[in-house]
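Chain IDs A, B, C and D follow the sequence of writing; residue 1 opens each chain.
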Amino acid sequence: MISIGILGCGRIGQVHAASLQRLENARVAAVADAFPEAAEKLAAKTGAQVRSADEVIASPDIDAVVIGTPTDTHFDLIEKSAKAGKAIFCEKPVDMSADRIRDLIKIVDAAGVPFLTGFNRRFDSGFATIRERIASGEIGDVELVTILSRDPSPPPVAYIKSSGGLFRDMMIHDFDMARFLLGEEIVRVFATGSALVDPAIGEAGDVDTAVAVLTTASGRICQISNSRRATYGYDQRAEVHGSRGLLKANNVPENNVEIASGAGFCAAPAQHFFLERYAGAYLAEMAHFIACLQSGQAPSPGIRDGLAAQVIADAAATSLVTGVPVDLG
Amino acid sequence: MISIGILGCGRIGQVHAASLQRLENARVAAVADAFPEAAEKLAAKTGAQVRSADEVIASPDIDAVVIGTPTDTHFDLIEKSAKAGKAIFCEKPVDMSADRIRDLIKIVDAAGVPFLTGFNRRFDSGFATIRERIASGEIGDVELVTILSRDPSPPPVAYIKSSGGLFRDMMIHDFDMARFLLGEEIVRVFATGSALVDPAIGEAGDVDTAVAVLTTASGRICQISNSRRATYGYDQRAEVHGSRGLLKANNVPENNVEIASGAGFCAAPAQHFFLERYAGAYLAEMAHFIACLQSGQAPSPGIRDGLAAQVIADAAATSLVTGVPVDLG
Amino acid sequence: MISIGILGCGRIGQVHAASLQRLENARVAAVADAFPEAAEKLAAKTGAQVRSADEVIASPDIDAVVIGTPTDTHFDLIEKSAKAGKAIFCEKPVDMSADRIRDLIKIVDAAGVPFLTGFNRRFDSGFATIRERIASGEIGDVELVTILSRDPSPPPVAYIKSSGGLFRDMMIHDFDMARFLLGEEIVRVFATGSALVDPAIGEAGDVDTAVAVLTTASGRICQISNSRRATYGYDQRAEVHGSRGLLKANNVPENNVEIASGAGFCAAPAQHFFLERYAGAYLAEMAHFIACLQSGQAPSPGIRDGLAAQVIADAAATSLVTGVPVDLG
Amino acid sequence: MISIGILGCGRIGQVHAASLQRLENARVAAVADAFPEAAEKLAAKTGAQVRSADEVIASPDIDAVVIGTPTDTHFDLIEKSAKAGKAIFCEKPVDMSADRIRDLIKIVDAAGVPFLTGFNRRFDSGFATIRERIASGEIGDVELVTILSRDPSPPPVAYIKSSGGLFRDMMIHDFDMARFLLGEEIVRVFATGSALVDPAIGEAGDVDTAVAVLTTASGRICQISNSRRATYGYDQRAEVHGSRGLLKANNVPENNVEIASGAGFCAAPAQHFFLERYAGAYLAEMAHFIACLQSGQAPSPGIRDGLAAQVIADAAATSLVTGVPVDLG
């Protein structure tokens, strides 16, 4: 039985706690949050104890921490947890600064603790299946990857202002997915974007509609497009064109009902947003983390995957401003 | 070059004439119709001569006749054409009376002329493909066949009154399709129906919503359902469940466009009606007829297929009235 | 907090216990099974106490029982539970004999206890959604219902022998679905079937491939087909043709992945079997039961729905033997 | 009746001649080809006269020419035809040099003759429908366009060498489609590509896998990807993301058959190549040209559309080499 301390009892902390309750080999032992009521509420639901974050990290009965606090607290919590020998599950992004992530890699490596970066989409049955089938050779060599992500509606402009911008906040998931599906490191990034959904986003210095083109050393290409708006649900698709075929992960509809009328044949909208669409992925992600702690296998994606996506996001943000592609290391 | 005489220049005669114009080895040499203007109009379009039906049948320059006249004239025209040695393409139904079709079989056999019964759906790329794939063994043994047909809207009640009823007018196509897909003769027929679309159809003694269950000697089963109404186009589907898989012929949409919005993902309605949906089938049917005349192969479906479908339709009409299944032969 | 006693700790009892663990207002208080190890295992998982069935029914701390024992024990457990004033959730079939269900209705009515018959498919998001949309008038009047069910593979012949036959064991779900979707009682049943999947099933006096035609007083028609075999997963579909449109509940694929190659565009098989496909339905069913206990609303489907489906199944079994339709009451 | 002279009797000239035979108001009056047998063969099929290209252009009985000769002959034939007052239907590309197209615009404008550039895809029912529905405001403002084109297999390297490269030979169709769907001129082009399909294509200085990002003055973005290889047919898709919804033109399958088995649910491959997929588009394109000649309306796409696509293709080819985006006038 693995004992877990949840650091941060907001929406994502609650998701991870619920996953832990459904797993046989793990339990939520302690919870911490800057807002005591949030911690108490989650404690009541899970039977966990309320402690401070520092207490959780110092507790000898805690095997691992799940970090779901605001991004600017990650560095400190990761450093302390690593030094205390705790296994770490950290929500993305690990940190807004690639350099600071590089520092964390040294700390985590020195401590030798298991580390999982919360790129939950890798655990979605659709994306996980296409990755496995690519790896099995079913479509031959990967040549061209197309990733489309559209949120149902933009977040508040206040959030946008502190988000690091679309490339670091939203498209970072797609950058990780691109690496996951291409099977090769990105060497060049071109990105562009516009504020078409909400002029206030443009005034805040960000974009809400954006594309990126990523290339690898061997010439594989990935196209990504993002919009902060979609009237038909949470649009999350990827397709991988290979030398012997094409693999697609399609959207997941809200239900399997179809209506036919003069308007044609209409199926349900895509599942509304990430908590629904990725419910299974969050559970599989936590199951993977716990299984790794039990088997001694290193969790994946690890902290270096967190760094790699951040580096691409930084390059995309630069490309947006300079108008030209950015070469990576 | 095969020279064809078109008997009946209405809608279906025009369809067959247009098919002949697209085929390299045939030409419309003569046309006949009880209404001279109809014949003249089709003659102008095709370059054919206007003659009377008797003249067409007597003409030594005519190789084959295409009979698209009202059903009650078929017997006479088939008899004369067969005795004149003409190959015959006759629209379904061959005749409203199974006994009279049996008489025609003797006449046609005695004359030794090629005969095609116009069950056009056998030539639709969807239905033809599933039949071929069944024959190839792809789904193993056929066990259960489901056929759904829905017309966009009911014909005028005046037409219904002289149509022979839904089973002989509409479901007869499905009875032929059942034989085509089951690959075995029908031995038992149960049918029932209601007048739900238009009470006037019920008052005329017919039904507009109906189902039939057909069984074969080896226990294969076919379910058919018909409605005289569909708001979403001309609904024409069949699926064949076999021991190793399922083959489906789906509807054909009006176009390949999809729209996504708050209402979900909507594809186009089914193609509206038979002239659109079976445009390719009519052409393939005529190409098969012409190819048979050139190669000496017997056209299929032949006159016996016309009889078999009529016998099933008669049994279904009886079952509707008696409420119990009817055993065939 | 509603306290539940689980009677029967086999596969279905475990499903219901897991549902209860995910609901906020209910808890598994006690479990009982003829095999002590089964009860102990489920007790360990849920924190419930192991008791005998009679103890559970007699316990004042138990609000409701969930009956998932073999069918021939249902009558006795229902009678005792009703007399003890417990709310009852009983797996289908309530009993193999319609007359005995009629007796139970008197007992349950006299006791005034809430009763839910476990027709779980009514709670599937697909079937529940089409029923709601029919009720909203979206497709006008219901005219023609088509239900297709195919199991992935037949159960052991030993099971078949004691199952009451395909109509009472398998198609009974579809008979309930027919009533649910038609919105009107069935007055006439025709059924036929064959043993095509496994000759041993035929030797045992049952069929493995079957169809039924149900009609209502107003002339609505429902076609059902069943097979004990499907190579492509658990095939569970319904479509409802109405005067203004068509509603379909399609299969649920194992995942949302598609592969394109020379073989065409291939999507995943249907989810394999009922535990997967109806996972959400089982949870929603239990949530409905608990919500009814809290609100005082009568659960639906109730015991009369259990009877109605059994009566149709009996009629279908008779029709199979006699070859003619059976009129109901 | 419009009399047409076909200049170039190769594959595309034959397609246009067949379209003309199916139209009521036009006829193929004369045909010309550098290879006399090609001209004679097409003349035999259509009843047209064989003439030289110069004779066709000089003939007073010819209303319009259809130019389907090699690209390097277009300039001369267009100039002569315009000066002779003939209406012109010219296959794309109008010319390999944008400057020469600019010269031709002056000549065609001075002559005042109707001119259609053969971007046939604009007449495909899928693409034409989404354009109409965009224009109707159904999806609000266009924000993001995604165009995917994949040929089944690469052309011979010898063809590639004289083709002007992928951007001018293959992606030019997509550049025109981008303009057609964006509804606004392109101001910036970024492109990149690789030779992944066939190293010989790379040795010939071209790419076989490529992407482009186009932006408009108002910030609308279009992503295009091309591959010279697809195992699943001719992949031709576009989707337009707007402020109120998404419109997609999907692939057209070879037939409407689906097979279900342990491998899942498999639909047919996409129609194999352009003659099949765009058969309807070629007919609609010619019908539009003829209708314009009769009504006096200017054909669209015109010669300026031919220029605009060429300018984008040139920019993309430059971007591929320089690695940076190219700003257009």
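Methods note: contacts are C-beta pairs under 8 Å (C-beta built on N, C-alpha and C of every residue); 3 or more make two chains touch, one makes a residue touch a chain.
Predicted model only: the values in this text are computed from it and were never measured.
Participant: Report the chain whose CA-based centre is farthest from the CA-based centre of chain D.
Facilitator: In terms of C-alpha centroids, the chain at the greatest distance from chain D is C.
Participant: Count the touching C-beta pairs: is A-B or A-C ahead?
Facilitator: Between A-B and A-C, the larger count of C-beta pairs in contact belongs to A-C.
Participant: How many Å are there between the centre of chain A and the centre of chain C, using C-alpha atoms for each centre?
Facilitator: So the centroids are 40 Å from each other.
Participant: Could you grab the centroid distance between chain A and chain B? Build each centroid from C-alpha atoms only and quote it in angstrom.
Facilitator: Result: the chain centres lie 57 Å from each other.
Participant: Scan chain D for residues touching two or more other chains and write them down.
Facilitator: Residues 230-232, 235, 244-246, 260-262 of chain D touch two or more partner chains.
Participant: Provide the residue numbers of chain B that touch chain D in the complex, in ascending order.
Facilitator: 125-126, 129-130, 133, 138-139, 244-252, 255-262
Participant: Taking the complex as given, what residues does chain B use to touch chain C?
Facilitator: 141, 143-144, 146, 148, 150, 190, 192-197, 209-211, 213, 215, 218-221, 223, 225, 227, 229-232, 235, 241, 243-246, 323-325
Participant: Over in the complex, which chain B residues touch chain A? Could you list them?
Facilitator: 230-232, 235, 253, 260-270
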